[in-house]
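What follows is a set of structures to go through.
Below are two complexes that have chain A in common, paired first with chain B and then with chain C.
Let's look at the complex of A and B:
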């Protein structure tokens, strides 16, 4: 099931202009960069990026930067406050007649999951409360990737990070559940919010375009595949992003004033193993002996989620079939 | 000894393998990597100190006895510092099949040892860019301090810690033995280093001298990330249907569409992630081994 497309029919309709120059010193196959590139294409060139410390900070590394628009670097905790300052400054310049309409800038927060889920949550919550007119892109690679892949509150259950290693006491690695950031944001009923995947480019572009007609906080949560931290061959990155959607682990949805609709529901769900197996951070679930209990727990959580979706949005969701691909 | 390579080659692991093997051989050991602000594909350096008594020295190694270079393209990159202290080194090991070409340039006055680790790694474990074991084995052999068995233990310990599965570890052990057998030990002359401490008086300069300013927007284009590539995607234009999927899925924007809508790869910046190859529905993109790093 796909919601009807208003602006982009297919990948060819994605704007051809590149807003970022190539040569960014980020890992080959970076899912976060792919997401930012697509989002920036739709937002256009007049953007001020307010960037919380994290992997993406390395885009602008002396003496080079791939960013053709403006860029402000903040601490992990203060990124949304930085966005407020930039927005206010722009508004004041507009009011004084020093900034013409065609030079109007969009303020885009760029933050990883460490900033979004952990340190910056309070400042973001305050910005949503003040109805700040800005975009927020969280590139969620489910750990503190820049510093060596330490656990964050976005790290999923049973994933291995450098601070939640596999041991006798914690055989599943991370024993905590991933924080439900979407629901935390949604509790404040922002005018627009969405989850996106770098694989589903048209879905992503549509959501960004839809958000552009809206004033106030516009929040995006992107699953950012991370070859370095998750442990897979970079060439499989996009396929893994696809599998996250096809297994139902990463639901694609949006919420307007807190009302949720799912934008792309697979007609047939693959078992979660298909997504977990290719990643080194989940290897312990398969070898040396299968960790059936943990795997079932992950599957059940996904199943329960989609059962609830079927109840809440009966028209949108077809019968939930679990496929048996791979057997 | 000092190791050089690119992020993703396993340079840190190479230094750890030698370190662990030397520790198992009864030596005092210290190993540590140093990363720049850059990522997978960018230059990485790692250090291993091996001694028969306690090692009190810390920090980077500026005068190594052995330099192990995992990627010959780094020799031309002054910023990576492969040649720092090369004058006093007992040997410079280069992972290359083109030693004669490097020699012919006549720039390096040091004993050079070469072996095509990339080919052997590709043959043994099917992945050309995972150089850690091959480089670690080369360093262990050249040092003359570590037996083949101790090397094997080092490899096993480090790869288990990384979570590799048993068949993959076995393949790596065979690779380590192969590299070990093909090289010879070099003689490392003991050197005396001055232990005199010097106090540097620091002055003050204008603040702008210390400000790392980026002076033009979008100037990363001048950084040629194409050198990171191990494999090179190539488009077969006869079967390309101009669907545009490779263009939208390239994380770096290194694929553009020409006037007819055909994709064109920017090889100066393509990092070789090969997502385009995987996403092409017609399999019109193939990969070729990148010649320079081979």
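Let's look at the complex of A and C:
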């Protein structure tokens, strides 16, 4: 099931102009960068990107920047406050007649999961509370990537990070469940929020376009495939992003004024194994011996999630169908 | 011009009001809160136009202040103590953006143990953050310094945030007669903000806070900030001159009190300098040649002026209202450094710690300092910093310890 398209029928309809030039010093196959590129295309020019410490910080490295729009690096914990200062100042200038139409800017926060789920949460929650008019793109690579892939509160259960290693005490590695950031935001009822995938480009573009008519805090939570941290061949990036959607691990949805609808529901779900197996961070679930219990727990959690979706959005959801590899 | 009884906090708020600040991100903390409360009221009733916004923390508040200044509006904010150290990372961050705004800090001792009384450990923790630092003595000086701070910060030779420090309680909550300058004259002194630095605007692409990964380029930018801060000395002189032409009050980076023929000099900062000056007056009546040097501008450090002012004196005592555990008084180190870099020595230099957490420095303690300096000889050898503490205070603490069930003696004595 896909929600009807409003603006873009297919990938070819997405704006062709590039706001990011090639040559950023990030890893090949970086899903975060890909997501930013797509989102920025739709937002268009006149954007100021307010960045929190993370992998993307290295995009603008003096004297180079691949960004045609503007950029402000802040800190790891106060990126939303930086967005607040810029938005407020633009509004003040506008009210005083000191900001022409072409000087107006869209304010876009660009932050990783570590900043978003952990240190920056207070500043962000406060910005939502104040109804700040901004976009927030969290590229979620499910760990502190820039510092070498340590566990964050976005790291999923049973993933290995450098600070949740596999050991006798914790055979799963990360034993905590991933924080549900979508629901944390939703509790504050922002006017728009969405999850996106770099594979589902039309779904992503549609959401960005829809959000542009809306004033207030707008969240874009992107699963950002990370070849370096997750341990897979960069060429497989897009496929892995696709697998996250097809297994139901990364649901695509949006919420307008807190009301959720899923925007793409696979007609048949692949087993989570398909998504987990290619990644080094989950290798211990398969080798040396299969870790059936953990795998089942992951599958059950995904199944339960979609059962609930079926109850909440009966019209949109086909019966839960588990396919097999290759379908 | 009107003359009114104002607290230091009210004077700070009036300074911001007369500067026609457009943006105030805020967060409450004692003893600063009245400043932001006054400003909130003035934005609410239309006295000020722009925006007042309550942030979730001082770390956020300083980030927002810097970001707004980087977007070209006149910005003011205020904090104190825990708030200033909570914002520490953001202080360094925004000064690196080279944006002008004014931050008032109302000094208060740092936790632990948590306290409300003033001392300077909070503001001195921020001395290397790339902010200009002005330490004031009176409520009038609070208001005047806020106005001057905007002009210094916004000068293209400087383009850095400026911190004005006043002492909690002794200034923040103490009413003094303050001349509130005429708004028209203030506008002449400080016209509306026309940013000299590039600001965020849709029609121009600007990257701020960009990563610099090689040491050479990093050194270049850091040293450039140092030079810009140094420029603030000259800019301060010009601004102080312009200020005195319009308002009749002349401020200097250092204030010399009774220094002309002084042989013994006390060095102090902040409102306790008033107590020091009273002591100087008393001693002068007794015919003793004592003066006081008040450090008003701490950053940039007017090193050459400090040296010029102290060279040739018999003895210098620095009274630090702060303590760097394991080192002693911070300003003592600063003053000694200024003398050393001038290639000069004063025969006797002594370090005193007084007024921590708002503890009074009594007449008796000042007298003790004077006698200690008078009797000191260069041959005394190394003398550690000395804590000013009266017998009555010792008795009071001893009582508290015994109530708390801690036996006397031990490390507390």
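Methods note: the second predicted complex is superposed on the first by the 325 of 327 C-alpha atoms of A that agree within 3 Å, B and C clash if a C-alpha of one lies under 4 Å from a C-alpha of the other, contacts with A are read in each partner's own complex, and residues count from 1 in each chain.
Basically, contacts are C-beta pairs under 8 Å (C-beta built on N, C-alpha and C of every residue); 3 or more make two chains touch, one makes a residue touch a chain.
Not measured: the values here are computed from a predicted model.
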item: Touching partner for A:123 - first (chain B), second (chain C), both, neither; value: second
item: Which of chain B and chain C A:61 touches, first, second, both or neither; value: both
item: Touching partner for A:176 - first (chain B), second (chain C), both, neither; value: neither
item: Chain B versus chain C as contact partner of A:12, first or second or both or neither; value: first
item: Chain B versus chain C as contact partner of A:48, first or second or both or neither; value: second
item: First (chain B), second (chain C), both or neither touched by A:69; value: both
item: Contacts of A:24 with chain B and chain C, given as first, second, both or neither; value: first
item: First (chain B), second (chain C), both or neither touched by A:96; value: second
item: Doubly contacted residues of chain A, that is, touched by chain B and again by chain C; value: 58, 60-62, 65, 67-69
item: Complex interface listing, chain A residues touching chain B; value: 10-12, 14, 16, 18, 20-31, 33-34, 37-38, 55, 58-69, 160, 166, 198-199, 201, 227-228, 231, 233-239, 280, 283-284, 287-288
item: Chain A residues within the chain C interface of the complex; value: 45-46, 48, 50-51, 57-58, 60-62, 65, 67-75, 77-78, 80-86, 88-93, 95-96, 98-100, 102-105, 122-123, 125-126, 130
item: Of chain C, residues touching chain A in the complex; value: 22-23, 25, 49-51, 53, 55-57, 59-61, 63-73, 75, 89-90, 93, 97, 200-213, 217
item: Residue ranges of chain B touching chain A (in the complex, touch as defined); value: 7-8, 37-42, 127, 163, 165-166, 212-215, 217-225, 228, 243-245, 247-254, 256-257, 261, 266, 268-269, 271-275, 277-279
